[in-house]
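Presented below are the structures under discussion, each in the form of C-alpha cells.
You will see subunit A twice below: alongside subunit B first, and alongside subunit C after that.
Moving on to the complex of A and B:
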C-alpha cells in the first residue's frame, strides 16, 4: 500500500506530463492528416521542450515567474488527487470538490503571471479564458453533481470503484445523460477548436502565452498538455470506469494489474482525446459570445435534465 | 465583567471624542488602546457555560440582561478584532479630515453597539444596542456627503422598516409570553403553535434579512458600501451585516431551536427550504452583477451580498455541517472582505479613483498591497490553502450528500462568478500598463498596510489550520443542538468525509519546490520592462497599451439583459406610487372652506342614506 502511494507520487506526474506532450504531438499529426498534410514528427513537442528550456527569454518580474511556477505546481498537485489507473496517491482527501477547486489554480496562476507581463493580448486571452470557463463550468458542475449524487459520495475513488462493480457510467441509466453533456463541452474544457478563443494564435497572438519565450514557453506548454490530460482523464474516471475493463473482464491482481490498468486508462484517454481532435479539425473558431451561448444552451440543458433525473430517481 | 466591557466601549467612545478635541494623535492611540483592552476583555469572557448578568433590573417588569454564550462570544471576538484593525487603518485614512472626531465617535459607537447586540441576554437590550449601531451606521455611511447622503437615506429607510418589524415581533412575543428574556422565550416558544412561530420568524427575518442583505432586501447595500469611508466599509461588510447572521442564528436556533426551525412545513415548501432557495438566489445573482461593475467598491459590495448568501444558505439548510460551514464562512468573510475594502481604500487614497477602467499596473508601485489583495481574493474565491476554501467545502459537501444538488449548483456557480469579478478587480487595479499619472504613487504608510498584512496572514493561517477555528465553531453548533464535529488541526476527520489540509500543503510545497528548482535550472532570464519585449511583433503605442475597459465585454452583452435589479426597480416604483398617492391625498386639501363643507355634506348624505336602509349594491 505504501509502495503504491510512493509509486503514485512519483509516477503520476511523470506519466501525465509525458502523455500530455505525446497527445499534443499526436493531435498535430492527426489534424495534419485530416488536412492532407504530412505533419510534424510525433515527438516534436519533446524536442521543442528541450530546445526551449535552454533558450534565453525575457522575464517581466517576480510575479511573472512565480505565477507560472504556481500554475504548473497546481496542475501537478491536481494529478495527485486524480486517479490514473490504480495510481492515486492522495485520492482519499476531499474528493471531487478538491479537484474542482484545484482545477482553478493553473489558469489563475497563468493569469497572475501574465498580468505582470502587461500585454493587452494576455489580458484579452485571460478574460476570454475566464468567460469560457464560466461557460463550460455551468455544465461541468451539473455533471459532477449528478455523478456525486448518483453514487452518493464526493470521493472520485469511490466513483471509479463503483463502476468496476456495476459497469461504466456512460452506459448506465441515468448517468448517460450527464455523460453526453460532458462530451458536448469537452472541446471547451480542452480549449481546442471551435473553443480556442483564449489562445487564438492568429487573432490575439496566443493570448496568455504572448509574452512567454524560452523556458517560460516550455513550462506553459507542459502545463497546457497537463490541462488537456486532466480534462480527458476526469471524463475517463467518471464515465469510462477508470482502469476497469468493460463487462465481465477483470484485470489480474498485483503489479501486472496495476501496470495494465494504467495502460488501459491511457488508451481510453487517447481515444477520447482523439475524438476531440476530430472535432477541432472540422470546426472553425467561434466568437466568445457564440461559445458562451452554445455552452449555456443544449449542454447545460442536458446537464440540468441529468441532475434532475438523478435527483428524482 | 460583562457590563464592564460595554461601559468601556461606550464610555470610551465619548472619551475618545473629548480627547480628540485636544489632540488628534492622542485620540488615535486612545481609541486603539481602548479597543485592544476590549479585545482582551472579550477574549477573557470565553464561556465554559453560558454566563448571565443583570444590568438593569425591572424595566417594564423585565430584567435587562447581558449574556455570553459560545455563539455570542464568537461574534463578539470577531467584532472586537476587526474593530482593532479598522482603528489602526483609520489612523492614516481619516487623518486631517475636519470631522475626524465625529468619525471616531461614530465608529466606536457602531462597534460598541455591535458588541452590545452580541452580548444581549434579552430582546429589549438587543433592540437598544441594535438601534445604536444602526443610527451611527447611518451617519457614517453619509459621512462623505454628496452621493453618500442618498446612500445613507436608502439604508436608513430599510433599516427603519427592519427595526419596525423587529419591534413588532418583540411586542408580540411580550404580549404572548410576558417576557423578553432569551432563555425564557426559548422555553415558551417550544410550546407555541406552528403558525405563531412562523409569524414571529417572518417578522425577525425581515429585520435580520435587511441587515444581512438577503434578496429581496439587499438594495441598500451596494450604494452604502461603496459610498461609506473605506475603513467603515470594512466594518460594514466584515461584521455589521453579520449582525443579521447572528440574529438569525439567535432566533432560529438558540431561541426557537433547530427542531422547530427545521420542522416548520414539509418538503420544499418548508420555511427553511424556501429560505435556502432565497439564499441560493442571493449567491448567484449578485455574484454575476458584480462582474458588470466598474467601481471597485461597488463590485466588492455586490460580492458581499453574494457571500452573505453562502452564510445564510449554510444556516438555513440546517444540517450540522451546513450550519458549521455557514458560521465558519461568516468568520472567513469578515477577514477577507475587510482586507479587500481596506486595500481598495488604500488604492483610492493613493490614486483618488476607484474606477476600474482608469487604474492599472500598480503591482510595480505597491507590491505589499498587491500581495495582500491577492491573498484576500484567493480567500474570497476559496483557493485551497486559504480560509474560504474550507468553509465553502463544508457547505458544498453537505448540500451534495444531503440531497440538494440544485442548491449545490447555485453555490458552485456563484464561485465561478466570484472568480471572474475577482480577477477583474486584481487585473484592472494591479496588472497591465502603469498609467503615466500613477508613476509617482508611493507605498502606503505602515498603519495602512499593517492591518492588511495581519488579515492576509490570518487568511492563510486559517486556511492551513482550519482546526483552530473549527474547534470553536463546533462548540457553537453543539450549543445550537447539533452533535459535535470531529475537528482536527488540519481539518475534519473521517466521519464527515475527510478533508485534510496537511496533504494539500505538503503536496503543494514539495511540488512547487521541485518545479521552482527545475525552472531555475533553465536558461537565465533577463528582466525587461513592458515595452522591451516581443509584444506580438507590434510596436508599443504610447500611453494606452492596455486592456481594462469592457474587460468581460462579450459576456456582459450576453448576461446583462438578465441582470437588471428588478427588485430595486420595484422599490423605485413603490416609492413613485406612494408619492402619487400622497399627492392625490394632498389635492383633497384645497385650502378652500367651501370644498371642506362639500366633503362634510357629502359624508353626511352617505351616512343618512345608509341609515335609511338604502342599499346601492
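Moving on to the complex of A and C:
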C-alpha cells in the first residue's frame, strides 16, 4: 500500500504532464483534420517545449516568477488528490471539497504573476478568466453537491469505488442529469474555443499569457495542459467510473490490473477530451457576456434540476 | 521523423527544436500580409511545418516583415524585434524591404531594412506566393542548420551601429538601448 502511494506521488504528475501535452498535440491535429488541413506532428508541443526551454526570456520581477510557481504547484497538488486509475496518493483525505478549493489556485497564480507583467492585456485576460470562473463554478458546485449527496460521501475514491460496483453514474438515474450539466460546462472549464475568452490571441493578444516567453511560456503551457487534464479527469472519475470497465467486466488484480486501469482511464480521458476538441473546432468564440449568459442559463438550470431530483429521490 | 533525425535531435536539440517550432509574429506592412492568411489556413497549411502564428513578440521566434516599411512603422518593428526572446530570426517578404522596390524614391519609406534590424533572409517577389514563403521557410531551416541564421548575434555584436542608424532617422529614441555592453544584458 505504501509502495502504491509512493508510486502515485511520483507517477501521477508525470503521467498527467505527458498526457496533457499529448492531448494538446492531438487537439491541434484534430482541429487541423476538421479544417481539411494536414496539421502539425503529434509531438509538436514537445518540440515547442524543447525550444522554449532553450530561449533567453526576460523576467519582469520576482512576483512574476513566483506566481507561475504557485500556479503550477497548485495544479500538481490538485492532481495528487485526483485518482488516475488506481494511482491516488492523496485521494483518501478531503476529497471533492479540497478539489473545489484547489481548482481556484492555478488561475490565481497566473493573475498574481501577470500583475507584475504590467501589460494591460494581462489584466483584461485575468478579469475575463475570473468572470468565466464565476460562470461555470455555479454549475460545477451544483454537480459536485448532487454527486456527493447521491453517494453519501465527499471522498472521490468512494465515488469511484461505488461506480465499479453499481455501474457508471452517467448511465444511471438520476445522476445522468448532473452528468449532462457537467458535459455542457466542460469546454468552459478547459477554456477551449467557444469559451477561450481569457486567452483569445486575436482579441487581446493571448490575454494573461501576453508577457510570457521562453521558459515562462513553457511552464504556462504545461500548466494549461494540466488544467485541461484535470477538468476531464474529474468528469471521468465522477461520471465514467474512473478505471472501471462497463457492466460485468472486471480488471485483473495485481500490478497488471493497475497498469490496465491507468491505461483505461487515459483512454476515457482522451475520448472525453476529443469531444471537447470537436466542439472547439466547430464553434467560434463567444463574447465574455455571451459566455456567462450561456453558463448561467441551461447548464445551471439542468444542474439545479439534477440537485433537486437527487435530493428528492 | 526518421532515424537520422533522431540522432540529430540528440546531438543538437537547440537547432532542431528552433527549426521545427517557428512561432511567427507578423508585422502587417504593405501588401505581403495578403499572402499570409492562405499560407496559414486550410489551403497551404503552414502548421504542418510547425509554423504557428502567435499574438505577442514575447512568444515568437520568427519575425516576418511583409512589405515596404515606412518611417512610421519602422519604430514598432524595432521595438517588436527587441522584445523577442533569443534565438530569433527575421525574414522580410517582397522587394521593398530589400532595396525600396517601387518605393525607392519615396520620401517616407526605408530603402534598406537591414540597416536598422538584422535580416536573416529575404523572400523576393512582388509579392511572393505562399509556395515561395514555404521555400523561404525550408531555406531558413538549412540556414539554422549551418549556423548562418545569426542575425540576433550580429545585432548584439554591432548594436552601436544599428542604434546609430536608427537614431539618424528619428533623432533621440525614447527607449533605452537594449545592449549596454555590461554582463547583465538579457
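Following the convention adopted for this analysis, the second predicted complex is superposed on the first by the 313 of 313 C-alpha atoms of A that agree within 3 Å, B and C clash if a C-alpha of one lies under 4 Å from a C-alpha of the other, contacts with A are read in each partner's own complex, and residues count from 1 in each chain.
One rule holds in what follows: a residue touches a chain if its C-beta (ideal position, glycine included) is under 8 Å from a C-beta of that chain, and two chains touch if they have at least 3 such contacts.
Everything numeric in this text was worked out from a predicted model, so none of it was measured.
In the superposition on chain A, A:37 makes contact with subunit C only, not with subunit B.
Of the two partner chains, neither subunit B nor subunit C is touched by A:172. With both structures placed on the common chain, the touch criterion links A:164 to neither subunit B nor subunit C.
When the two complexes are overlaid on their common chain A, residue A:274 makes contact with neither subunit B nor subunit C. Looking at the shared chain after the overlay, A:57 reaches both subunit B and subunit C. In the superposed three-chain model, the partner touching more residues of subunit A is B, compared with the other of subunit B and subunit C.
Of the two partner chains placed by the overlay, only subunit B lies in contact with A:97; subunit C stays clear of it.
By the touch criterion defined above, A:214 reaches both subunit B and subunit C. Contact with both subunit B and subunit C is seen for A:205 once the two complexes are overlaid on the shared chain. Touched by subunit B in one complex and by subunit C in the other are residues 54-58, 205, 210-211, 213-214 of subunit A.
Within the complex, the subunit A residues that touch subunit C are 28, 32, 35-41, 43-44, 47-48, 50-51, 54-58, 201-202, 205-206, 209-214, 217. Subunit B meets subunit A in the complex at residues 361, 363-364, 370, 374, 381-384, 389, 393, 396-397, 400-401, 403, 405-406, 408-409, 412-413, 416-417, 419-420, 423-424, 426-427, 430-434, 497-500, 503-504, 507-508, 511-512, 515-516, 519, 522-528, 530, 532-537, 545-548, 551-552, 554-555, 557-558. Only residues 13, 53-61, 63, 65, 68-70, 72-73, 76-77, 80, 90, 92-95, 97-98, 100-102, 104-105, 108, 111-112, 115-121, 123-124, 126-128, 130-131, 133-134, 137-138, 141-142, 145-146, 148-149, 152-155, 204-205, 210-211, 213-216, 218-219, 287-289, 292-293, 296, 307-308, 310-311 of subunit A touch subunit B when the two sit together in their complex. For subunit C in complex with subunit A, the touching residues are 1, 13-14, 16-18, 20-21, 23, 41-42, 45, 47-48, 50, 52-59, 61, 84-87, 186.
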